[in-house]
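Next come two complexes, and both contain subunit A; in the first it sits with subunit B, in the second with subunit C.
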Partner chain A sequence: MKKRVLLILFCFVLASTLLFAACNTKTEPTAAPVIEETKTVAEVPAAEKSADTSVATDKKSDVKVAMVLSGPINDDDWNSVGYNGLKKACEELGVEFAYSESVTDADAERVIRDYAARGYRLIFAHSFSFGEATLKVAKDFPETIFMAGTANELTENMGTYDNPDYQGAYLAGMLAAGISKTGTIGWVDGMASPNMLANLHAYQAGALEMNPEIKVLHTFIGSWYDPPKAKEAAIAQIEQGADVLSSQGVGVIDAAIEKKVWALGAMTDQNFMGPDVVLTSVMWDLYPCIKNVTQEVIDGTWKSGNRSYGIADGAVYFAEYHGLDSNIPADVLEKVNAKFDAIKTGEFEVPHDTSEVK
Partner chain B sequence: MFNKADNHNIELEFKKQRRAETLTAAGSSIGAVILALIIGAVIIRLLGVNPFDAYRALIDGAFGTKNSIAETLLRAVPLAITGIGITAAFRASIFNVGAEGQLYLGATSAVCVGLAFPTLHPAILLPLMAIAGMITGALWGGIAVLLKLKFNANEMINTIMMNYIAIYFVSWLVHGPIQQPGSPLGQTAGLSDNAILPIILKQTRLHIGFIITLLMVLLTGFLIYRTVWGYQIRVTGKNMFASQAAGIKVKWVFLSSMLFSGAMAGLAGFFEAAGIQHRMIENISSGYGYTAIVVALLGQLNPFGVLLAAILFGGLQIGASTMETAVGVPASAVTLIQYLIVILFIGRKAFSLIIQQMKKNRKVAA
Partner chain C sequence: MIGDLFSFLTSSIFEGFLTASMRLAIPIMLAAIGGIYNERAGISNIGMEGFMIVGSLTGFVVSYYSGSVWIGILAAIFLGILLGLIMGYFEITLKVNQVVFGISLNLFCVGLTSFLFRIIFGITSNSPRITPLPTIMIPILSKIPVIGPILFQQTALAYITYILVLITAIIMYRSAWGMNIIAAGENPEAAETMGVDVIRTRYYAIIISGVLCSIGGAFLSTASTGLFVQNMTAGRGYIALAILVIGRWDPFGVFIAALLFGAADALQLRTQLFNFDIPYQFLVMLPYILCMVVMIFFSKSSRAPAALGEPYDRGGKKSEI
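And then the complex of A and B:
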């Protein structure tokens, strides 16, 4: 028995030393080529400057772009905007692209790291909750360029982009207040993220500009996707007198159909979800941003920073009314359109307020 | 009585028998995996994708780069650690289905310790966090066994129910008392550098917890097969009454095996929090506590088999997302394969039972 224990102990020690050795030797040879590889990629822009243009166009297809999304790409919301922008921009530029959808916060770093390790040159982390995960990977892959949605902390190889759809939310607020007969309008949202708070404040400001007496209700349901809860919150607002709802989550439009009130969509044209009640939607188009960033990465001119593409860049606008505009008083529509133009020319700046609300 | 030579012969005979048993057991596990992969290939074909391309992408995703190997091993860590804990409990016929909840609570208390002493030296702080996680996991599991011993309440149902209590309690904690100030997300503040497990492979996330996992597998193998405690567990699991008659304190065996199981789940939680997320977050585990049950069964309740099964499942899960992007096969196809493995593996006894029954029927007819 004693012999056996000794034998096991010996095996135990042997195995653990072997393991440590294996891990140590593994690090060196495999790490070296990876660094070399990223170096050669990084040299592309430098080579471009000296070489003739034909080399530069050849190198264009070398850049691969990836996007990591927190939800399904067919959600007709935040994730659809990301995927549609990626697809349109990359197809236009003739660049290879890939995406991963429905990635959880716990798993985001792994997926982003996997793309970086596989030589993707530009990686979009399309959720404000992916910021920190992206930051960790960016430190390990200094030659890869990362763009994280509304991130707080940036590095030299990690930039951010936001969605100034609060500019559209201001217009939506004006429209909602203009068509409301009860003098009460509603806002049903997922979580009180800085971006959503900016939207809500702009919606309130726009509504107050149209009608200083307006009452704006708001609810954050505490989840980005919980249709029954969103519907419940919407119905609660309707019962408090709201007759126009801004829908920032699935379920609100259902409530609007059931209770026959107006709804304003967000992100994509959501009229198809309720053709009789969705007056219009505040659209957000990520295509101009992705196209410019990708082009800059190809050209080697990319610089870290925040990209904000709003109404002036054609990235935020109203969707079609699908014939429902006959329900909007002419003076309201005129005022909204005039405001849109004023924002576009820079004459009017929508206030950006991310303070927390009760 | 037997003389020495006889004794030796008997021992040899036992060894032979045990080796044969291990071989057939390993064979049935491997058979289940292969059969599941074949059925999976048919399903992938029906989805309109060449199964060879899909499996190539799967293997590339799981083992193709240094980073993917690291990620596969990382995914295997919580599965293996929780799996060997479940193994010990199952061996004593204590059905611990509560590893998920034990993992959540273990991770949370480890992070709380890490946040409370951010400046302690890592050599002191990390073990403290690990111990906190293990004790919490063990206590949470222990409650279920105490209920069993006191009120004869079924521990399987209780541990399942206690999972929900634990997960929702943690969710409340990270949205309330221990939430990071100013963040709308369900998470605590980040751990200090002292409270983070060191990386053992550059440019990847593979942390020291992997080495500890290997050591724990060896340790658990030793405990189960080479100690009195392990013997008592095995005997009690085979026949509780015989073991009671032989003077084994069955109650203690039940309780201690569950404490060990809960401690391992808590340790896995500590690894996830201090090695990967670097804080406590809501949904820290994507069902590791449940997958670990499957891993434990597929590994034939043998710690080394559990380790292999954990690496297999880790590879399947990591490779799945690459397969999804590369050839457009949804990752859920891999989830399907995982559960096919389980069904085929559990069903293997059904096959032999059916054959036996048929033979019997034939005899009766004849």
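And then the complex of A and C:
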């Protein structure tokens, strides 16, 4: 009797697993385990090799790049930006790359150390919370080059990169204030990390420049991934009169769809989440940074320091409007575009403020 | 004065707060109602979080491919039965430590659902979405001040939850089977002597628990939002355990306790907008602090089923594991 129950149970599990696997028609064969996934890209195509000088090609082949990420690479957010930049840059340069996603802060040092020990020459620690772990490993592997996202302390072989997407947030604030009819706009965020605070302050400053009377609401839900709660936070803001929301987490756009208000995406083009309500998204592209850093490591010219790739470098910009720009008053769009150019030429500097908010 | 109060109670901001309270409460309520069955029958279910996340994924994936949220919820129910059976096999038949098994199941389910989601949809920059269940306004009833927004401006799944609360109360207090469940959780030996099949009763209880937790999880991905992200239950299964204690293992108690928790959460999201001089972290903590404070006051009068967490052996031997 007992055995039969067990057998039936296993059949169920097996059947449901097969069922899930059977649904898997669109996936690439490379999609594999969750916690620590390593993907290796094939060597440079032969045609590309012959076009290059042989010396450079030889050098290229022995540099391997790794990235350690704090969340899933398909979050359409911070971690997608990291993965997409890594993939594009490394495929273009023809170097081998690997990554580990959803690495917790406690595991970061072990994972980074593992890559260093396996001979990866360049390692990106893609989280503001990985700085200390990277520092420890960097001391033990002086030949390896480390790049940690927004780290405070650097060494000779450990540099950092930040994401000046607050420049884009300033423009988003201008745009939001410009299209708001109620005079109230919102910002829904996960946690008050330094980068998020810089973004929020810039968003407020931009909004105030456009409309000195504007009211900017903000909420932190206390978690990066809790869509139902982010949606509720957004609904609360809409009830207080907000009619344009800056979405810094999954769920906000869903509220915008339900309550028919505008949303502004962040990090990647999030228009697909709400084609009628996501006006545009503040994009952050890590590709130029990763490409340049990798090239420097290949050439042996890399120097420690902070790499900041913002609007001027084409790394921060607005996603396309997907035909929704007809909803933006011409003078607003003009002002936003003028400000974009001013930031690009260095004429205007977006204030960088990471102080706590109430 | 009374006119002022009335206009406040019917203002859109206050009504918004009330509807949000129930929306935030429903998933926790469903899981906690499920918990009533298994805990009353003497089985602890620490694995509610895991049950919920499996329900979220199943509900979402099947809704996505079938095009119907209800088929998705049916699938979530099926998986809930399956998980209930698995948990029953380990906790009732094999008599493994219930806390250890529950926690390992939670960790396993978080990993499994993330993995399966990736297998099914791959790494795309366009994460899949479904249209969530719409809000249904019950005619006339939804217009009642305070009660209307809380109870009658919700999704269909919320209305089903109310019915489940009522059915649970009837089963627990008005049916012979409910008495069997309670007997199995208070004194299994005596129940067995009186002809109650304790093992079978406990199996049924844990399966019902699995189903309700799974629906609670599916609520998050098919009614609250129309999407799935890894670990999207975000600890709601654990909070359901606390709600169960605060609600004193009583369907109506659980209903009120979950609603209070939802209200505290809805309140803190709104308080943040007023820019009081309080760090947001404290406001985020509010519902959890409320839980703990309430537990301090209720700890004396709240009594867990006597045989909760104790494996039952037909021969009267106590298991060593």
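The rule is simple: the second predicted complex is superposed on the first by the 301 of 358 C-alpha atoms of A that agree within 3 Å, B and C clash if a C-alpha of one lies under 4 Å from a C-alpha of the other, contacts with A are read in each partner's own complex, and residues count from 1 in each chain.
Rule of thumb we're sticking to: a residue touches a chain if its C-beta (ideal position, glycine included) is under 8 Å from a C-beta of that chain, and two chains touch if they have at least 3 such contacts.
No experiment lies behind these values; they were computed from the predicted model shown.
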Partner chain(s) touched by A:Trp284 [first = subunit B, second = subunit C, both, neither]: neither
First (subunit B), second (subunit C), both or neither touched by A:Asp140: first
First, second, both or neither for A:Ala192, with subunit B first and subunit C second: both
Which of subunit B and subunit C A:Arg110 touches, first, second, both or neither: first
Partner chain in contact with A:Lys229 - subunit B first, subunit C second, else both or neither: second
Contacts of A:Phe130 with subunit B and subunit C, given as first, second, both or neither: neither
Subunit A residues touched - subunit C or subunit B, whichever exceeds: C
Subunit B versus subunit C as contact partner of A:Met273, first or second or both or neither: second
Contact residues common to both interfaces of subunit A (with subunit B and with subunit C): 5, 12, 16, 20, 23, 26-27, 31, 34, 192
Partner subunit A, residues of subunit B touching it in the complex: 61, 65-68, 71, 74, 184-185, 190, 200-205, 211, 214-215, 218, 222, 226, 276-277, 281, 283-286, 318, 321-322, 324-325
In the complex, subunit C residues that touch subunit A: 12-13, 16-17, 20, 23-24, 27, 61, 65, 79, 82, 85-86, 89, 93, 111, 114-116, 118-127, 129, 132, 220, 224-227, 229-232, 234, 265-266, 269-270, 272-273, 275-281, 284
Residues on subunit A engaged by subunit B in the complex (per definition of touch): 4-5, 8, 12, 15-16, 19-20, 23, 26-27, 30-31, 34, 98-100, 104-107, 109-111, 113-114, 117-118, 129, 132, 140-141, 191-193
Residues of subunit A touching subunit C in the complex: 2, 5-6, 9, 12-13, 16, 20-21, 23-24, 26-28, 31, 33-35, 72-76, 80, 83-84, 102, 192, 217-223, 225-229, 231-233, 235-237, 239-240, 250-251, 254, 268, 272-273, 356-358
